[in-house]
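Each in structure tokens, the structures are laid out below.
Okay, so chain A shows up in both of these, paired with chain B first and chain C after.
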Partner chain A sequence: MMQVTRLDEVDPDWAWQPWEPSAQEPWDRKRAALLLRRSGFGATESEIQAALQKSPAASIEQMLQTEGEATEQFEVESADLAASLVAGGEAKSLSIWWLHRMLHHPQQLVEKMTLFWHGHFATGAEKVLDPGLMLDQNKLLRKHAFGDFRAMVHGIAKDPAMLIYLDSVTNRKAHPNENFARELMELFCIGEGNYTEADVQQLARCFTGWEIRRKNFRFNPYQHDSGLKDVLGTEIETGEAAIDTVLSHKKVPYFIVRKLFHFFIGDEPSPTDALLRPLADQFASDGLVLEGMIKKLLGSRLMLSNWSMARKVRSPVEMAIGLMRTMQMTSNLDQLSNRLREVGQALFFPPNVKGWDGGRAWVNSSTLVGRANLIYQLIRDDKTRFANGSFSDWLQSQKLSDPDAFLDWFSTMFLAVPISDSQRMSLRSSQDGKSEDRMFREMICLMAAMPQFQLS
Partner chain B sequence: MKRPSASRRQFLGGSLAASAGLAIGSPVPGPWMQALASDAVGGERILVVIQFSGGNDGLNTVIPYSNEEYRKARPKLAIPKNDVLKIDDELGLHPSLAGASKLLERGRFSIVQGVGYASPNRSHFESMDIWHSCRRKEERGTDGWLGRWIGSRASDKQTDSLGLHLGGDQQPLALAARGVQVPSIASVDQFRLKIADEGMSGNAMLSNKSTDTETKSDGDDLLGFLQASTEAAVAASERLEKALKTPDTQSEFPQTDLGEKLRVISRLILAGLSTRVYYITLDGFDTHSQQAVAHAGLLRHWSDALDAFVRRMERAGQADRVLVMTFSEFGRRVQENASEGTDHGAAAPVFFAGCSLPKPVIGELPSLTDLDDGDLKFHTDFRSVYATVVEQWFKDKSKQVLGESYPKINLL
Partner chain C sequence: MVQLFPESTVAFVELAPADQWINHPLRQQVQASANFKEVWRSEPVMKLRSGLMLAEFALGDKAENLITKLIHGGAAFAVDKEQQGVALVAKTESKDWLESYLKKLIKLARDEATKKKEDDPFKETEYRGLLAYKTKDGIVAALDEYLLITNKHTLAKIIADRYVDRSAEGFEQTEQYSQFAKDRNQATNSSSSETEVGWMTVDIQSLREAGVAPDLLGGKAKDFGAEMILGGLLAVLHQTPTVSGTLRLSDSKVSLSLDSPYQPGWGGEERVFFFGEEGKGHAMPLLQSENRIASLSAYRDVSQMWLRAGDLFDATVNDQLAQADSTLTTLFSGRDFGEEILGAIYPEVRIVVSHQDFQEASSIPAVKLPEFALVAKLRKPALMKQELKRIFQSLVGFINVTSAMNGQPQLDLDIEGDSAQQYYTSRFVPEVDRKDNAEFPIQFNFSPCLAFVDDFVVLSSTVSLTKQMAVQLKSSAGENASPASSTAKNTILNVQAAALREALEANRKLMVSQNMVENGHSKSEAETEVGLLLAVLKMLDQMTVDLSFENKATLETSLHFVK
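Right after this comes the complex of A and B.
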């Protein structure tokens, strides 16, 4: 059994083997909670118990299943919600639909991966405006979430929301617009530093004449530059060929796998290519189909090792939805979505085409104060219910009415770093003489201001 | 265990700090933790940085209105000769820049032409990181140039954080320092812990010196970072609340995001905060299409807010200790594109305002025909501009901040 202390010392052949329980690293509630909050948005006690009855690999498999009665019923409800929000005409309110999915969708990994791709192919509704187009793009990302990356890139290159966001719609023969071409290589597929400015200019020519007509993609041959272009050392003509050329670059598997490493396992440090190689090789040999590589990553020794505990700063959405799922909360999602915006994660409004940087970038003085206030408002909101009942009924049904029992339970389920003795003292001492309901609510609000509340 | 110092206890409220077992030994800003100094307005020089994000079109900001090559390259976007606010026989300001033009006439505005760096990178993110860190990607560390300056002054007897970022966007790399956490504040109104309303403080939750915390061996750990950040946040929240208690009745700032930010900065300066670097951002300069209207609007926001800010400082007799620097990660291509916009370019002007600035224009406009892959060639390294700020404005050594020595420009 190997204990990981430094990432640069990890043997790549060891890291990505399926994780097995051991004396130092048992398959217990704490570790199951880690897996379920990284691959999804956190879990209830009963979901944790269910996960403990099977192997991590079996849990991951289940999170990928997109069929079943529960899912079908959920999809009907979700589609109704989407339709009414799109009819409202405001892209901002579309985030209610997505938060609802994250909170209730039985297959959490699908939503988690869709969130990953939303940050990857970041498109902002402040420029696209049309909520219907934002919804269509979200469906495209969900459809390919752990499927064929090539099909996703081809889809996104003709996606109306993306075309609007990166100005491709005004990409004309006489004066190619470089915006989409540059980001296709820099942010979507290869990474900065692996191509030249000439490649950007040549690539932009390939996409001339890619337009939108009545909210749909249309190829306009009159605006297309049909000459030969030299992209990354290959002579090509069409935009489709250009995408395939970009995707054949040897850096593509590493670029995507590295980003997934940071998304699922740890914000820092950045892994070496050597460490990522087994995953990148699998991704490449699967013809850029994601599923096998993602399963391997999530079920791996490294992912479930003690090393990966507390290696990630929770995103605002992960923090809020995670707490809500753990404590079976429902609330006013419109309010929640506004407050998430204030702490830096407005769904459908990423900060720029690079998406959310994640990690330490989530944290500053304002967002820390804002996160604590967000939890305060959520816990105080009249609309907030716990398993459809009151907070005290829920505490009783969970046998958590004793403050110490509650703090122990919360620590295991939600925190990657346990509550220290002095923190526990502060939490307990400020509570003398208060009603049970108020005492527990205040404990949660105070915990939201703890440094480790922000860690996954 | 080290006890909090008397002044620190006073600052945090005695009972609280004593009972909470405040984070001891964390790498945090002593500055914020010291007792509050007097409220008299101090004498230290202040730098306000305004970042234009997206790549500002320098050629349509400082316009070579009598240059035929400019009109040839910009058939749709060229600003008509009669509309520019003329500086001399060759150059004029964009018609939206009336405020800046007035400042220029009073000797409080200056343009540094042709600023950039060798082998320009045309990625927004990469080029911005180069401006922030002064390093290329291969040798990039985790700190920025202002962060290094702040770090070099860490031993100052300082009441407040030396740097402050105002904005909902993420903290600029330029302000990142080792061992010091510079606060970033989205909105001063919401910058208060609600649990404080019930007599509780976030300070109570800071200590995490748990006996069972697993040992982390990969360099800086995230928990320590969060500990330091939380401590800085709580301290800054309390300080700002105090500083902004008295309303400012004399200000006439435009009702824009930038106007609001500069209004807050003016209030903090006049409230006597000893912060020396303020950092704010104006986004939207990535004008690949339909540039004319968007660019004019952005320039107007900037110029009107800047004018209001400098006038407020003048009225308070503080203008001569405030320098405002405005930059962007790159300029834009000389030739306009077919979308009535411009693509990513290279060299561009940097702007200064505030204190007395004797020369309106420093350096020549780069040639519009001798180009670097379609873009203007730089003649002044941006680090020369920074070196001038550090040496001549802050009166400090620039080599430790910038890594090397750079020639100074003739700014002040």
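Right after this comes the complex of A and C.
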């Protein structure tokens, strides 16, 4: 069994082979928690136990199943919730709806991947305004979350919310709008340095006549530049052909796989093309269908190695929803949505077209205090319940009445790096004489300011 | 019990002995109704009942019996100024009963603390031969058959000393209590159909002098809306020495009346908008409508309020009003908003709020809001009818321009009716190429409409309510002829529970969603809670609030139950 110490030394052929348990890296609660945390938003004790009854590969296979009675039932409930929240006319309410999905959706990978694409095809409701359009885009991203990337890009190119966000409501042949054309190559498919300014101008001509009228996409042939355009060395005419041309660029699989590597495995360092090649090759050979590549990535030796532990900084949403799912918490999601906004992750309101920077950018001296406050408020909110009951009842049901047992459990389930002995002593020393309920709540609040709490 | 409280008491509330109200016919009538039985069998109430049954089992008696024995001779609650504490005293059935049940309760609490690994919450002690349990936050004591609970140890000692020493000088001998007792006796003698079950008196002057709730009891107003609704009450609270109250039960309602001394002129010039000249500002009779949720009639000279804002409000509100005044003056074609627009109507304003059933509507919105109408009499009808009509048309145009810029639905302006009665209507137009049968946006609750009926102006959120108001104003022309034919009340509010329930029922899905996201409830939990709220509303008939300023200021609130 190879021990990963430096990413640039990892053998690509070894990295993406299916992970197998070993004496050094057993399939235990800690590793199952890692898999469920990265592929979703955290898991309860019973979900961890269920995962341990299966191999990681079998768990991942189950995560990719989007159908089932529980899912269908949940979708009906979620649709009702969305309709009610959208009826109020406020895009901000959608954030609440999505938090509800992240917290309760039986298939967590769907929501995690949708969050990834929301950051990738970033669209801000502060400009789009219409919550219905934002909801439609979110549905589009979810529909193709680990499906056909080509279909997703074609959908996004005609998505009213995206076109409003990129000022492409009207795109006339006399003045082609370059915004969408540029972002299609730079941010969505290929990445900077792999195209020229001339490619942007030519690509923009392909999308002339693409308009939004009464919140719907329409093609206006009178405003379409029907001449031939040279995009990335290929002569084409229509917008659809232009998208296919961009998607056929050799850098597309690497661009997407690299982003997914950072999303699922580690913020730093950036992997080499050589390391990513096996995944990129699979993605390309699957005709840009994501499922096979994602299955390979999640179940890989690298993903489940010790190296991968604590390689990611939790985003505010991952931190809050992760804690809530782990401890079976429910709370006031309206308040939670506002608090997440304060620490920089308002869902449906990404900061710009590049989405959230992620990684170390989540944590600085200001946001660290904000993140700790968020957990403090969540834990102490009167509306917060644990498995639909009180915190003390939940502690009893989990047999966690001893402080050391609680800290051990919490370290395994939620933290990627265990707390040190000195931290443990410090956490315990301030809690003498307090009730279990108060003591454990305060311990969580104190831990929320520790470095370990920030890492996934 | 009043003799137990010291002279420094500033608020005193007394509850009649339990046998006077626990089996009141109102309770029996409510309990016999099918709606009550529905609530009683609902899931959340069943949970409460099972908790109650456990407590009954632990204490060995039915809750009703326990209450009857606990408040056998009544109960009193007091706030003490000097000790800055509160105390509750209940005269129980007997000394033995109290000691026995106190011990049982303390044992239950101790067992619970042990279960939670918490420290013993009670420290048993004795003071002048009386049994007491000290807690971190106060003290529980048995003064023979009297149960005492207070948050201040010093106050507990004072009350215990007064009990043991049978002290003569106390709250009972104060002028405040004497007046309160005198008023109470008079009221009891004059009222026969209602049972008085609770009384209160508060020394507002002492609270004011002690700097309690400075925003409520003194100073300039900080909220425009609150001032408009409650300005007169605030003026009274700034001047009155005391406020007293009585809780009454009758066969069909519970009512609470709060009284205070009152002198015309207490509000000063700046609150003439509320009281009227020489305190003669009276409300007109309430207006009716189909599916009426609420009807409000009040004397509020909003123009005067706007113009005197400098004396009435603090600097922050005045800054906001200055900004609003400038914007509104522009919006109303350069006419001064306070003087000319608000000044165009007499101060007797009436508002009606009704549930919309949308049965005949082709465009049903997802969120179903009630419709409302404002009715007022014009000061210069000939001039103002033309002006208001033009301003209404300009506003519709303005809404259409801003809606078009934001991709929102627009209004279609029209004139309906005949030469005898015209309605200036506007209706939102659905998009011609709607793809699906999705419900319409929130704007489709509104079809703003303006009408003039004799010298009255009706401005409503819907055409249909405007028409209802017009018919009513015509049919009761004599009653509505002038403010002089009004009631002697300053403000009258009536809320109908059935229509309110229908309005909430129409938005049940929305309420369930709100409950889910705000309380973190599952859908079934949220549905149960919303269902309970709606079922409770079924038990209610109406709520009324009357405010009057005659020889005294009186705020009377009644909750009527379905018979």
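Everything that follows uses one rule, which is that the second predicted complex is superposed on the first by the 456 of 456 C-alpha atoms of A that agree within 3 Å, B and C clash if a C-alpha of one lies under 4 Å from a C-alpha of the other, contacts with A are read in each partner's own complex, and residues count from 1 in each chain.
FYI, a contact is a pair of C-beta atoms (placed from the backbone, for glycine too) under 8 Å apart; a residue touches a chain by one contact, two chains touch by 3 or more.
It should be emphasised that the depicted structure is a prediction, and the values quoted were computed from it without experimental measurement.
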Partners on chain A (chain B, chain C) - clash or fit: fit
Chain B versus chain C, judged by how many residues of chain A each one touches: B
Partner chain in contact with A:P131 - chain B first, chain C second, else both or neither: neither
Partner chain in contact with A:G322 - chain B first, chain C second, else both or neither: neither
Touched partner set for A:S331, first chain B, second chain C, both or neither: second
First (chain B), second (chain C), both or neither touched by A:S435: second
Partner chain(s) touched by A:G209 [first = chain B, second = chain C, both, neither]: neither
Which superposed partner A:G239 touches (first chain B, second chain C, both, neither): neither
Apex chain A: angle to the C-alpha centres of chain B and chain C, given in degrees as a multiple of 10: 80
Shortest CA-CA distance between chain B and chain C [superposed frame, angstrom]: 12
Contact residues common to both interfaces of chain A (with chain B and with chain C): none
Contacting residues of chain A [partner chain C, same complex]: 77, 80-81, 83-89, 96-97, 100, 129-130, 214-216, 329-334, 383-385, 388, 392, 401, 433, 435-437
Residues of chain B touching chain A in the complex: 19-21, 121-126, 137, 165, 168-171, 183-187, 190-195, 198, 200, 202, 204-219, 221-223, 225-227, 229-230, 232-234, 236-237, 286, 288-289, 336-339, 341, 343-344, 373
Touch list for chain C against partner chain A, complex: 116-119, 365-367, 406-407, 431, 433, 435, 439, 441-442, 509-510, 512-514, 516-523, 525
Of all residues in chain A, those that touch chain B in their complex: 5-7, 167, 170-179, 182, 186, 192-193, 197, 200, 267-269, 306, 309-313, 342, 344, 351-352, 354, 357, 359-361, 363-370, 372-373, 376-377, 417-423, 425-427, 429-430, 442, 445-447, 449-452, 454-455
